[in-house]
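Input: structures, listed below.
Same chain, two partners: chain A is paired with chain B first, then with chain C.
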Partner chain A sequence: MARASIKLLVLLGALLATAVLSLHVGGRADVGISQFFSLLSNSGERTLQELVMLDIRMPRTVVAILTGINLAIAGVILQAITRNALASPSILGINQGAALGMTLAVLLPSVFVVGVEAMAIIGALLAGTLTFGFSGGFRGSIRPLPLVLSGVAVGAFSFAMVRFTFTLDDEVARDVILWTTGDISGVRWHDTTALSLWAFGGILAAMLIAHKLNLLAMGEAAAQGVGADPRKTLLIGAVIAAGLTGVSVATAGPMAFVGLVVPHLCRIVVGADHRRLLPAAAVGGAVLLLFADGLSKLVVAPEEVPVGVIAALIGAPYFVYQALFSKELDL
Partner chain B sequence: MGNRRFLSSLAAAGFALLSLGGIAQARDVQHELGTTNVPDEPKRIVVLEFSFIDSLAAVGVAPVGLTDDNKPERITEQYRAIIGNDFVSVGTRKSPSLEMIASLQPDLIIADKTRHSSAYKSLSAIAPTIVLDSLTGDYHSALEQAQVIGDAIGKSEEMKARVAAHTARFESVKANVANAKKEGRTFQFGVVSSRGLYLHAPHSYNGSLLMALGLPLSLSAEGAGVSYESAYVKTSLEQLSEINPGVLLLGRYSENTVTDQWKDEPLYKAVTAVKEEQVYYVSGHNWARLRGIVASELTFDELEAALAKVAEKTGK
Partner chain C sequence: MSSVVSRGTRAPSLRLAIIFTTLVIAVAMSSLWGLSVGAFPLSFQVVINSLLDLDGPQQTYMVMVSRLPRLVLALLCGAALAISGVIIQGIVRNPLASPKIIGINSGAAFAVCLLLALLPQVALVHMPLIAALGGALAAFLVLVGAQFRGVSPLRLALVGVAVGMLFDSGVDFYLVANHSPEQAAPMVWLTGSLWARSWEHVDAVWALLCVLIIVGYGLTHQLDLIGLGDDMATSLGQRVALTRLLLLGIATLLASISVGVVGVLGFVGLMAPHMAAQLVGGRARVQLPCAALLGMLLVILADAVGRAIAPPIEVSAGVLTALFGAPFFVLLMLKNRGDLQQ
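Then we have the complex of A and B:
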């Protein structure tokens, strides 16, 4: 019990430290964490520096937290329902499907009238369904290699379609490049609403099926043996994961590797029980993106590197390590 | 009979001599990818960048084909007034249609170094092709390229006169700018869309034009020559407030832009240009996409109008 609370303290400490980093750095050198505290104490007229903290830094930090939570939870769920350590929104093509959905919504607004956010979720769902279908997931057995290969194929196809827009127009191309790298430099408070609703609902729903995810992890046969219908869990999990990914991509663009790396690291720390893994991954995802956000503002200051690039720079080496040395993969 | 044959062969020889003369007059044009032999006074010219349209229009020559990005409005009325409407679109500047170009049977193609170098062989197989650096070139090089084009199409003298007239106009604007300079404001041009604000650095095309005029720019000249992308700086509100331009000249690329979204934010209102109502919307298309003699004179018009307003407001 003492060890568990130490782990919790470490995670929360990391969250606090990276949140301070994300809040402290940015375009204006005269705005830092001290404005955050003066905001709390100052009830009168707010200074310009305090307003920068309130209107620009804080929503950005909150978006980083929520995006990290959403992608990490999506990753945990996907890894559980596919029983595949390599599963994550980007590996399964779900990120790219969401990006394609958004691109379509922006290019042809009269055809895809449901809006950018909805198209991102639809694209995510569709890409996930295709990946599952191609790998034989609907026949009840998901083997790691076909799953990853299908995901790569679906992702590559979606991205090829997105890249096609690069040839259309310089300005459209520039916009698409922005989404496809993951960028949160322009977010404001109103961008946090959908993200926070999904994050809250996603954690809640995932916690409710946490026990079933544990059973699934033992194998579908075992799960059926104790009376759980794995297909139902699979479906619910897939919908939650696609929704979480879609809403994140719609706000921040696709962030590769967050949904892959965070569940792994957290599994090492708190173990494979989803009742503990899910909250840990939520915090871990937030920490990773907060850290990436802070770095993205520092690396080439005063300009910025898109946060998605930094997240990938952190995540990719771990992915390679995992692919080379992991015993779980069993490719 | 024999006489007639003699006459006809004489005519043929004369014709051959004439055409030989033609070839002798054809000129070698030096360009980014080498030297190309261009026929005398090409009549069917296809151009693949806006600045090349500009150079043709500057001396009253109409192309048979051009790239309009499949958006006819990108060929502005100022050009149409000179080159008419009897040209054919060969697609986008980024990926023009080789088939369309070939079908026009051109006798000269003018292509861009960045966008079309990889297609140089294919283009050369269609017609003599010259390649110039429009996309990443600055204002000064745009004027030089205009002269190269003038030479290539057999209008050297006309182009020299046009450039001279342009330079006179440039100098008068420069004098105007020198007056405005005394007020101590910095200026910054950028284009703005719903996705973001992109400030044009001093080493961008527009930046080089404003620099040549002696306008004090807000963005520093650091990073010059780094890359094409680095000339267009995506700028967040926080960064804008740090750069803090005294006059903001904005080209609007979409209906609802980020500057519209920022207009109620205290930080935006605190930017000097915004606080002192020195934000002017200009034609982003003319200022940034179009390049060359005609386009920069349109820029001069809008800049002088803005300078007059700046002076008026400061005077109050």
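Then we have the complex of A and C:
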């Protein structure tokens, strides 16, 4: 038990440290973590620096935390229900599907009336279902390679559609690249509402089915043997994962690899029991994105790089490593 | 693994002649169409007058300076990508392999970005060389990685996808980290566009590409032998490792030089070889030229349709090839599912 609490302390310490980093650095060098504390103590007239902290830095940090939580939870669930170590929102094309849904909602609001977030979630669900179907998921076991290749194809198609739609609308090519790489530099407090609701609900729902996810990991037959209905778990899990991914993409753009890397690293630290893995991954996802956010403001200062690009630069080498050395893939 | 590419089947020569003639005519017709569409549509009459310097209405500047070089590049790069695809599918004996899947395209794009970031004023002639280096690096990483884990074609594809994503994230980083929009916006061609390509670009690559295409065609017999399997090829007197390296080198150079001038035109190197195999069978000596023609056709059409769809806006050719290529890839995968799941 002592070891478990040390791990928890380490995770929370990392969360605190990266949150401070994300709050402290930014375009204005005169705004730092001290403004955060002076905001807490000072209730009177606010200085310009304090307003920058309150209206620009803090919502951005909160979005980074929530997006990290959502994508990491989605990754854990996807890896559990596909029983596949490489499953994650970006590799399965779910991110890109959400981006497509959102693009359609933004550009053709009269046709797709359900709203941006709902369209992103629908796109995520659709892309996930397609990838799952193409890789033979409805007919039995899913092998890693077909899953990855289907995801690559579905993702490539959705992204081509996104770029196609945007080209038709205007000459905004660079903005499109910016958005599709996961840029959170423009977020404000009102962007955090839907994200936080989903993050809260997502963790709760995922914890409720954590035990079922554990059973699923033993194989569908074994799960059925102890009375769980694997298809129900699969369906619920897929909806949660798609919702979490969709709402994150709608706010922050598609971020690659967070949902792949975090569950893996957390599994190494806390083990494969989902009742522990889910909370650990939530904290881990927040840490990774906060760290990436801090870096994104530092690497080419005073310019900023979208946080998603930094996350991809951290995550892609890990994927290469995984492709090379993973024993679970038994290729 | 090579069930789609049934090597050794011989199509009757009359059928071959008809297929090749049709393809050549199709390439010629779509070239003509490609020269006539765009922000300022021209009639065929004007295009032909300008090309051949005949009497009558001419638009020499637009045809000869603005549209002809991109047509020439479309032809060259389409052929190069298709041939690269034929060779790669042949040597890794994997129907899903293509320059994109094994990471060459992304590596080349990344190298070009790196060069532009470090030396913004670099001369255009060095671009193909740098692209080739990047493509070769990616191919090297993928092959060494896959070799290291025991050569399973599946592992190869997986490592290729991963390495490709790695380089792609580097490309994204360059594109968005670039300070001035004026400097970054033209880089959009990296996503596969023939926009604003000029005779300078043609001059930089045509000789290299032509030599590589000819050498590639010269090695079709060796490619067929390797397709029979390593043991068989060895017993027929081939030095398999050496030949494979040579072929792979040519395929890498062809694909990455194209990326260096026109950006990433995804899936052309995958679609063209398969269509060719369907049409004329898998014997490399006929499949290769047929795939080359199909590659030309695909790229010309993608470029022309992109300009015709909503002038004056141009849709990148790379976007269109991906729109058609990705479903094609899925179909191919479903067809080969048995192979993949064994």
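A few remarks follow.
In the analysis below, the second predicted complex is superposed on the first by the 321 of 331 C-alpha atoms of A that agree within 3 Å, B and C clash if a C-alpha of one lies under 4 Å from a C-alpha of the other, contacts with A are read in each partner's own complex, and residues count from 1 in each chain.
Methods note: a contact is a pair of C-beta atoms (placed from the backbone, for glycine too) under 8 Å apart; a residue touches a chain by one contact, two chains touch by 3 or more.
Here the structure is a predicted model, which means the values were calculated and not measured.
Of the two partner chains placed around the shared chain by superposition, chain C is the only one that A:A316 touches, whereas chain B remains out of contact. In the superposed model, A:E303 lies in contact with both chain B and chain C. Of the two partner chains placed by the overlay, neither chain B nor chain C lies in contact with A:L235. Between chain B and chain C, more residues of chain A are touched by C. Looking at the shared chain after the overlay, A:F164 reaches chain C, while chain B stays out of its contact range. Applying the stated contact rule after C-alpha superposition, one finds that A:L16 touches neither chain B nor chain C.
Applying the stated contact rule after C-alpha superposition, one finds that A:S150 touches chain C and leaves chain B untouched.
After overlaying the two complexes on the shared chain, residue contacts for A:I56 are found with chain B alone; chain C is out of touch. On chain A, the surface touched by chain B in one complex and the surface touched by chain C in the other have residues 167-168, 171, 174, 178, 303 in common.
Chain A contributes residues 26-29, 31, 46, 48, 51-52, 55-56, 167-171, 174-175, 178, 185-186, 302-304 to its touches with chain B in the complex. Touching chain C in their complex are the following residues of chain A: 134, 136, 143-146, 148-150, 152-154, 156-157, 159-161, 163-164, 167-168, 171, 173-174, 177-178, 181, 183, 256, 299-300, 303, 305-306, 309, 312-313, 315-317, 319-320, 322-325, 329, 331. Taken together, the chain B residues at the contact with chain A in this complex read 69, 92, 94-95, 193, 195-196, 198, 233-234, 236-239, 241-242, 253, 258, 265-267, 270.
By the touch criterion given at the top, residues 96, 145, 148-149, 152, 154-155, 157-159, 161-163, 165-166, 168-170, 172-173, 175-177, 179, 181, 184-185, 188, 191, 266-267, 309-310, 313-316, 318-320, 322-323, 325-327, 329-330, 333-334, 337, 340-341 of chain C touch chain A in their complex.
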